[in-house]
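Look at the two complexes coming up: chain A is in both, with chain B in one and chain C in the other.
Let's look at the complex of A and B:
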């Protein structure tokens, strides 16, 4: 990763946090000031979907042409995506506590998010329980693809079918939530961009670490011989 | 080839009577436990609880019966299949066989529920359509996962852990349609869910067909 991109990511997030807390926001009933949660909660989901998509992409690549590097990439992206997902759930719970009255409201979106986390936790349990490196990589790639496909109905279809209190629902839980006006876009888009960059940065650090550990293991093996 | 593999599954199944009777007994005890724990002799349960209980009973017995499709196989036997059949033929035959098994199990579950609990089903054709759709969805998801789990160290635990998150969306749809059936709603009310179930079926079986060769190779 280029250094200027990292600096850009940090600056974008600095801007998003300061502007997100200080700038003028639209006044809506019930939501009021908690509308600022958009800047911190929504980018988590964008980041999570982005990271899981990258993980899916590397899993597909792995099945087409197996190599240890691709497996490490798929695993690292899933790892960071899971972290984003958990943060997304937590920020959502904080918001829900003030707006809906309880942190866990059993909303279809909350349940869907919880199941998505379960899927990737299962992915890591699967990785942990296979000793053979090559087999671990292949089976977890297969599960990654299968689970992602099974998750799509949960996250994108079921919330559209059932009633939900989540803002933007009752119609389309898509992008235009809160009637995003131009002032909010000025903060939301940079925040999403910033989190994309930071997420990618985290992943690239993790990939580097895994590769070094791999080299270290090889060196130790040679010593033993 | 596929036909012969299915016939082979059936003959093997019929030969090992203890396994079939074990699964049937599992389902019977499950329903009986529901009956006793809700003390249904004295009270009645609502439609929503009926459908949730029904699908939970089916889910657990189905996971247990489909799990053995790869996990129970001996290592030598799977090597032998590897030499005589293509992996695609094997997964298709497993999916078809398992969906028949799931369908039979859910029919048995329905009969047991009629006997012990109650029979609130008003629109039988729709209910059967739901049973068929969910059993194929269950079987295509669980067959592939059983293939994955069979290669790991703790296959029984992993079978449950890996399959639950994937099964949940199917289960939710099935419970919703069943509740509509029990409430005596018109077909049009559950049209969306049925369509969804069919779409999930297509996705899962297509993916199982594409991905299975990669698991099989090891």
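Let's look at the complex of A and C:
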């Protein structure tokens, strides 16, 4: 990963944190000043979907042409994506506590996000339960496709079909979901880009470590022979 | 014609005023902003963010070094 991309990501995050706290936001009842949580809570979900999408991509590549490297990449992206998802749920719970009245409201999007997180947790349970490396890689790649296919309706479709407290859901589809005015877009989109880059950076470190671990294991095997 | 223009203009103004003043009465942390204390919060959050990012940078360096070392070791074998 190029250094200038990392620096760009860091700058975007700094901008998002400064502007997110200082710029004007719509004055709305109930949410009041907590509307600023949009800049920090929502990028977690965008980041999660981006990382899971990358994981899906490498899983499909793996199934087309198996190699250990592709499996390592798919696993690393899913791992970071899960971390983003958990942060998304926790930040959402704090926000919900002060605007909806309780941390867990049984909101369709909240439940869907929780189920999607569990589906991806099962990915790691599956990986952990198989010793044979190739079998592990192949089965988890297939499961990863299922996991992504389950996540999309859980987070993006079902909440729109029913009533949801999340803005923009409940019979109101479209990308314009957060009742954002143009001022908020100026902060939210850079924040999302920044977190994409930071997420990608974290993944690249994990990939490096996993590769080196694999090389070390190979060296050990050679010694034994 | 002039009257029509005036009527349209006043209609437009009424719209503008109603939409721009929507939720103006909502309570926001205006005092905290006017006192400038918000900058304290911003400074603290930025420092934590900078610290974590620096940590990530150093970790990245360490991992890259490890990668280089292992590659060299593998070549010499």
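We take it that the second predicted complex is superposed on the first by the 218 of 225 C-alpha atoms of A that agree within 3 Å, B and C clash if a C-alpha of one lies under 4 Å from a C-alpha of the other, contacts with A are read in each partner's own complex, and residues count from 1 in each chain.
As a convention for this text, a contact is a pair of C-beta atoms (placed from the backbone, for glycine too) under 8 Å apart; a residue touches a chain by one contact, two chains touch by 3 or more.
Note that the structure is a prediction, hence the values are computed from the model and not measured.
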{"item": "Contacts of A:33 with chain B and chain C, given as first, second, both or neither", "value": "second"}
{"item": "Partner chain(s) touched by A:219 [first = chain B, second = chain C, both, neither]", "value": "second"}
{"item": "Partner chain in contact with A:208 - chain B first, chain C second, else both or neither", "value": "second"}
{"item": "Partner chain in contact with A:17 - chain B first, chain C second, else both or neither", "value": "second"}
{"item": "Doubly contacted residues of chain A, that is, touched by chain B and again by chain C", "value": "none"}
{"item": "Complex contact set, residues of chain C against chain A", "value": "23-29, 38, 41-42, 45-46, 49-50, 53, 56-57, 59-60, 63-64, 66-67, 70, 73-74, 77"}
{"item": "Interfacial residue positions of chain B with respect to chain A in the complex", "value": "141, 144-145, 148, 151-154, 158, 161-162, 164-166, 168-169, 172, 192-193, 196, 199-200, 203-204, 207-208, 211, 214-215, 217-218"}
{"item": "Contact set on chain A toward chain C in their complex", "value": "6, 10, 13-14, 17-18, 21-22, 26-29, 32-33, 198, 201-202, 205, 208-209, 211-212, 215-216, 219, 222"}
{"item": "Touch list for chain A against partner chain B, complex", "value": "63, 115-116, 118-119, 122, 125-126, 129-131, 134-135, 138-139, 141-143, 145-147, 149-154, 157-158, 161"}
